[in-house]
Amino acid sequence: MKNTINKFLSPGHNACSGCGQLSAVQAVMRGLTSDTIIANATGCLEVTTTAYPQSSWGLPWIHSLFENASSVASGIKAALDKKGNKTTKVLVQAGDGGTYDIGLGLISGMWERGENILYICYDTESYSNTGIQASGSTPYGAATTTTPNGEKSIGSNQVKKDMLAIALAHGLKYVAQTAAGFPDDITNKVKKALTVSGPAYIQILSPCIPGWKINYNEAVMMGKLAVKTGLYPILEYINGSLISSSINNNFKPEPVSTYLKGQGRFKHLKDEEIKYIQNLANENIKKYSKV
Amino acid sequence: MKNTINKFLSPGHNACSGCGQLSAVQAVMRGLTSDTIIANATGCLEVTTTAYPQSSWGLPWIHSLFENASSVASGIKAALDKKGNKTTKVLVQAGDGGTYDIGLGLISGMWERGENILYICYDTESYSNTGIQASGSTPYGAATTTTPNGEKSIGSNQVKKDMLAIALAHGLKYVAQTAAGFPDDITNKVKKALTVSGPAYIQILSPCIPGWKINYNEAVMMGKLAVKTGLYPILEYINGSLISSSINNNFKPEPVSTYLKGQGRFKHLKDEEIKYIQNLANENIKKYSKV
Amino acid sequence: MKKLLTIKPNTSLKNKTGSWRTHRPITNQEKCIGCSLCAKLCPEGCIEMININNKLKPQTDYDYCKGCGLCAHECPVKVIDMKEDY
Amino acid sequence: MKKLLTIKPNTSLKNKTGSWRTHRPITNQEKCIGCSLCAKLCPEGCIEMININNKLKPQTDYDYCKGCGLCAHECPVKVIDMKEDY
Amino acid sequence: MEQIRIHGRGGQGVVTAAELIAIAAFNEGKYAQAFPNFGVERTGAPIQSYARISNEPIITREQIYHPTVLIIQDATLLETTEIIKGTDKNTIFIINAPENYKLRIKLPSKKVFFCAATEIALEIFGKNIVNTIILGAFAKHSGLVNLEALKTAIKEKFQDKGAIIIEKNIIAIEKAYND
Amino acid sequence: MEQIRIHGRGGQGVVTAAELIAIAAFNEGKYAQAFPNFGVERTGAPIQSYARISNEPIITREQIYHPTVLIIQDATLLETTEIIKGTDKNTIFIINAPENYKLRIKLPSKKVFFCAATEIALEIFGKNIVNTIILGAFAKHSGLVNLEALKTAIKEKFQDKGAIIIEKNIIAIEKAYND
Amino acid sequence: MEKMKIKKTKGEHILEGSRAIALTINNIDPDVISAYPITPQTHIVEDLAKFKAEGMVNYEYVRAESEFAAASIILGACATGARVYSATSSQGLLLMVEVLYNISGMRLPIVMTCANRSVSAPINIWNDHSDAMAVRDSGWLQFFAENHQEAIYQHLLAYKIAEKMDLPALVNVDGFILTHSYEPVSIPSKTNIKKYLPAYTPTPGTYLDPKNPVTMGGFSSSAEYFETRENILQDFNLSLEEIKKEYRNLKKVFNFKDNSNGLVEYSGAKKPKTILITMGSLAGTIKETMKEYKDVGLLKITTFRPFPAEEINKAIKNCSNIAVIEKAISPGSGGPLYNEVKAAIFQTGKINIKNYIVGLGGKDISQKNIQKIIKDSCNKGKQTTFI
Amino acid sequence: MEKMKIKKTKGEHILEGSRAIALTINNIDPDVISAYPITPQTHIVEDLAKFKAEGMVNYEYVRAESEFAAASIILGACATGARVYSATSSQGLLLMVEVLYNISGMRLPIVMTCANRSVSAPINIWNDHSDAMAVRDSGWLQFFAENHQEAIYQHLLAYKIAEKMDLPALVNVDGFILTHSYEPVSIPSKTNIKKYLPAYTPTPGTYLDPKNPVTMGGFSSSAEYFETRENILQDFNLSLEEIKKEYRNLKKVFNFKDNSNGLVEYSGAKKPKTILITMGSLAGTIKETMKEYKDVGLLKITTFRPFPAEEINKAIKNCSNIAVIEKAISPGSGGPLYNEVKAAIFQTGKINIKNYIVGLGGKDISQKNIQKIIKDSCNKGKQTTFI
């Protein structure tokens, strides 16, 4: 495979050394063709790839605001429709903050319109770009700068919002979840999602070096561990049915403690909380098992 | 029952004669105690009940904007929490436009915070207040002023967004659907929802005289018909499980045509579209049957 | 100094919407079975169930009744008549 | 008249992020099994699999490699070494 | 410049009536203007609308304080003097009420014309929609627009509503005009 | 007024270094100011920060164009003259590099001091965190703050990070100072 | 025959203002329309939806779930090279604010109608200029229309200048007063509009196109940002001349005459002692009132952004009193138009200039009110008066 | 001993600006805090979250999912009688706009910090005053701080005036320059603050309370709306005196002296030929630069809303040149501060007043730049210069 150096996303960007999100983006790009337009929300990806007058992007790419990438994509789609252009794909890229929180209303509007747009959420489980504040995706127990651990705090006391369920509630034909560290899976899901007509949603767990307080070389390992513990299974829904899951016949879960103890954001957790999180994993394993 | 004249919502409001929404609101009020604060979104209910310097409300009541009633309620809750007030209930009232569309992002944020707030959506299936434009709740085939029927249009070509599914995707402990015309059911659901700790959502179909193009005396009839056809079943979920449904053992569906033909907004529909809508009802009947 | 912006509760009682009415609901108290449905459904909340000879009977407040006819339409025993009224 | 606000594609190639590196990945081409994983995972996208004697081998572009060590950590046969480099 | 003020209730087509006057006058080659004064009230609540007719361009936008013609679509509104504000001895009053209707307030002018529009409406539409009907009386008594122009206006304005509705309205307006 | 400019890379604690200088000077009874010059770059990219020390209140907010002391936390940055802009023959240079380090550009002053901070860092922290260490050299060679004040500053600033980290940093800074 | 002649001079149709605007927009031939309903803008977008439903138009009509979305949708479409349109009002405009600044910073030639209405709290649906004033710093061209016909021409002008200068434009029409009123008007034909406003063809490399894949909306350094802002201010200044030029052109193509030069319109006394300054539909009522005065003139500001400082200076040169009559306030500062006029004519030095705040929340402005203002404007005394 | 003495005069701590603000807010004892992170406001709200996590504070800290929500949350809490706080910046402030107008119209005494930053597009995270200027008509009091200490006092003043006048207040602190810098500062104690700012006790019947069930935010007629707006303008005017009074009071309670009267601060030459006018942290750099000039003075506007027209008139009375140095533009109009100053001193007549636009998008403003401005300000010629 000659095309690992991807002309859709050139080197020279300013992301952290070892960034899990950028690793995932590379895999997404391999799933696209040059006949694609990208609308990107504010966040690490946008900030680190477009320091004027330099851009890493090789595809037509636009950033407007933090919360409106989905509506911007709808506008792009309408303009293409008006031109009678039926081939060009429209892709949204946003972080978990732009997806779970500030952008959710506009995403719902886009999904409601039923437009043929693929939405990709790079889930760093916090607002990485602004210094690791909690988002709706921040998992229970994680310390962030707005949910620090302390005398009266175990870190975030909210559980992660279930974006997949929300996407499914909108009747999306293609909904999937995967993680950095599974590059071929990511690429394949992107390709598949693009064949579906109507809105599609892919969420990719993207370990963040300062956010998770991990070493530069650990992003992929953490992505894999999240999957292996059952905390972040790889899932794929078509027309609302779960058609594939990493929680399958061969699934032998790792204990969540392996995952938690490797990350600075969880290092304050006591046994009790770890048990609670193990329970969340166990529930996932029940819910998403596809045997 | 002496208290049918409800001091929480006095007569003298300016709603249309025969308004289905106001009929429903009366039933909701009977489910409350005086220890309640209401945050109300912009819409018919707000506009017709608070023409300065007159108000129909007998409870502490606030209107801020169209889209933010849920966040305003969170603020009210936080202020009560700070005061150590554990008894006062907080209620949000909004239309379908304020709920399905412009307010959705903020509702999601409120639900995510898990606050003990009851949200009631009066579903007129359009923006009644501004002259019957289509909302995310407008059903397939309905003519509105932004989805008029015409040479190239059968009315709204989008299907109604599934707000209940979205509420359930947020893990709400109490989610219910009912309709104007079932006053005791509404009152009971409100009472029940208020006993749940955590966010609750009740959606009430509220036939609108000019919106549905029906006679002044038909709002309740239409609410009942919507239930009887299976298009708008009465539903109740506790902890995510459907615990009661109007689609039960004794359910004998009326054909949707009875419902559609009684309403001006559907009168342009051809057999084909009526069939499609009958199908939607049939799917509901399958999905929500609780035998 | 700040003009008072809040509104006192239940002040819409000053707005006698009875003037909107073109038809007036007339209830046959005799035949009424006292089910309260009309009172519960009325969008104006202007029907009160009162005790008449130990039976609950609806009493319509014509100061506010807009004459929509909902009560008449829904009365299970059809004892409310809508009469022209203007 | 309007200043050009758009940016030409792939212009970040001017930004040689190799200078950020404190460690340099050194790949043992002999032992490499050519699985491409390193190339697929590198966040910089600066590893290219090239044909060396009819075998695919990774070639790292040190102009951009930030030295994160992800490739080394993930190489299934552990043939990438991170060497101090500053 | 002739100034017409119309009082009625939400849902009675008060605004449409003013528009029809303006369209009719325009079709007769005059300058015309119509505009509403909406409240937030719904069907049933009192509202008003305005129309102006002139041989000169109409540029003012103020509401009508001194109407040449005052149209009352609903006689129950004639309970306070608020509604007849700005009228004087020259004002023409067109009131929807039977000929023998007893006014509760005193009107400043003798030019008071009744039109039993509700009766006609119930007869022709089966509903109390009086706005077009009363325009028949308006045309007859004010002479500000002629009947033909009004009919054309109705055809234009109600185009979307279909032939039957147009026809009924034309019958109704003729009836009021010839009453 | 003494002006200190620090160059380094994101993640090396460039900003913290300036803050520590300001805290130390303040603790010695002087006026002090510190502020960063952030980019959007992440860990690894070149950034700079500023500190001022004075016996008078410091009110200016301009960036530091003519540093009294220039601290280079990462010698690889010393590749272009951009970085030494505004320095002159009086500027004190504190550079993280081994004593025998070969500079690729010419510096305008003789007051160039090397500190093998990376070596010390790897030894003490096992990581290339040099910001506090190089402050030891700064204290020694510039004399602008004394070692004790720096140590107190570290204790204050790193309070949240726990005793072990504070201790290690103090050992490291002492080592650099006494080197 | 006589009848036809009259009709010709006064317009070919009698239409509701909203309908007149909707028909014009359709003739302008936009590619993408998106909007969210709000009183009193609703009739415009309902008409556009209706045209679409009837299958007689070419544009894509995208239903938005909020004004924030509507503005973002047309942003995306315009960035893909489409000519776009939206309309809003009041709360809708306020909700869009972040997007509005973004659009102008991206230099997208978007045209939007604002059916002017007061802003909440308290909530009120009637006309004033609070909404337009709230976005006076957002980098949008702003036009204010006196009547239907002017509104129509301003929409053409707005597209022309927007596409020429790469700046977005807001056309302000007074809510209800213009949007819900009927009056005679001529709707320019598609063919004539094509002559004035050819199809929109942005320069390759400035929009989203897979064949020319550029990056839009990148992150900007201080130096870049600074330059960009200087550039936009310059272009606003340049657009003053462009507006005058294109307004002349507009008159030629559509064969009409008026006193306006696109920026301002003076009417009334040749040598006025008092000049009234206002914007929008109120100008009509003032003109009617002025007929009885010999020494009063009206300077109607038709272009509020860019602010026509030079034109104002010229117009007021020899008068002694100025009354700025406006429908908005900036709490803690006063009337925004008043302050901008004062700033513009600063070098004129001492002149008696007073501020009248009228019509907030739709309070009717009668000819009597105007008479009172004319009378009061000669007196010294209170600078700002609410009438 | 000597050491302690110095420390006393220059503040008791050396802190990051954000930390200093967070500590002060905590001492002000708010009931409810809600915010959404945005650079460069983040450190303030992170600190407040940290205090909360450490269990040493009393406020409720509500995580919001957007700035629109954060503003609405504090609105709801304040309407329930709570003292509230939020902080934001740039895009966040723009996203809040609809809520901001609503808050002021509802007359809720909310205090918010704005860590001033440029607004997009293009996106840029550094300091200027574009964000604050974008809400200049929103009906919020606005203060601008030069340094940490002033920022702290302004927060106290803001709460005081807000609660007294029922008006919301925005305290502007330059992003990064103040929020991310360390300098000596004194944090007023809880006890002292209580003396100046007692607990917030709104009048019964003006807030949400089941025991006194009033309706808030009702629909308003034209007449009502008009009155409400007149009332708010009046109260803004009245607050000018209140600010002066309460600033004097502040000095007394916290025992400090400066040249400011709360509205403006003059420093420099007694009889200046040239007066520079600016807001915020730039004043420091200017003062440093001015030390070398004999005939130059600086008028620092500390209260921008209400705009201190009278104070400005007094200060500039005898000077010949004015240079308004500001960090924002209104495209199509010029520098907003420049225009407001010109409008305020209109009656002064001809004076040489020039506008210098500096620091947009965080472009550093050096003392050299200021020297250049001082030199240029005496010349006639170009009105507006970007430096």
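Here the chain labels run A, B, C, D, E, F, G and H in written order, and each chain numbers its own residues starting at 1.
Simple rule for what comes next: a residue touches a chain if its C-beta (ideal position, glycine included) is under 8 Å from a C-beta of that chain, and two chains touch if they have at least 3 such contacts.
Keep in mind it's a predicted model, so treat the numbers as computed, not measured.
Common neighbours of subunit B and subunit C under the contact rule above are E, H.
The chains in contact with subunit A and with subunit C alike are B, H.
Compared with subunit F, the chain whose C-alpha mean position is the greatest distance off is E. The chain pair with more C-beta contacts between its two chains, of E-G and C-E, is E-G. Here the spacing of subunit A and subunit D, counted between their Cα centres, is 23 Å. Taking the mean of the C-alpha atoms as each chain's centre, subunit A and subunit G sit 43 Å apart.
Note: centroid distance subunit B to subunit E, computed from Cα atoms, is 38 Å. Mean C-alpha positions place subunit D and subunit E at a centre distance of 81 Å.
Shared interface positions of subunit F, defined as residues touching 2 or more other chains, are 40, 43-45.
Residue positions of subunit A with contacts to 2 or more other chains are 14-15, 17, 19, 46-47, 50-53, 55, 57-59, 63-65, 67, 101-102, 104-106, 108-109, 112-113, 136, 158, 216.
Residues of subunit C found to touch two or more other chains are 5, 7-9, 17, 20-21, 66. According to the touch criterion at the top of this document, the contacting chain pairs are A-B, A-D, A-F, A-G, A-H, B-C, B-E, B-G, B-H, C-E, C-H, D-F, D-G, E-G, F-H, G-H. On the subunit A side of its complex with subunit D, the touching residues are 1-2, 4-7, 9-15, 17-23, 26-27, 29-30, 49-59, 181, 183-184, 215-221.
Residue ranges of subunit A in contact with subunit G, taken from their complex: 34-37, 39, 46-47, 50-53, 55, 57-65, 67-68, 71-83, 88, 105-106, 108-109, 112-113.
For subunit B in complex with subunit E, the residues that touch the partner chain are 14-17, 19, 44, 47-48, 51, 209-210, 216. Chain contact summary for the complex, subunit F toward subunit D: residues 9, 43-46, 74-76, 79, 118, 128. Residue ranges of subunit D in contact with subunit A, taken from their complex: 7-17, 20-21, 36-37, 39-51, 56, 61, 63-64, 66-70, 72-74, 82.
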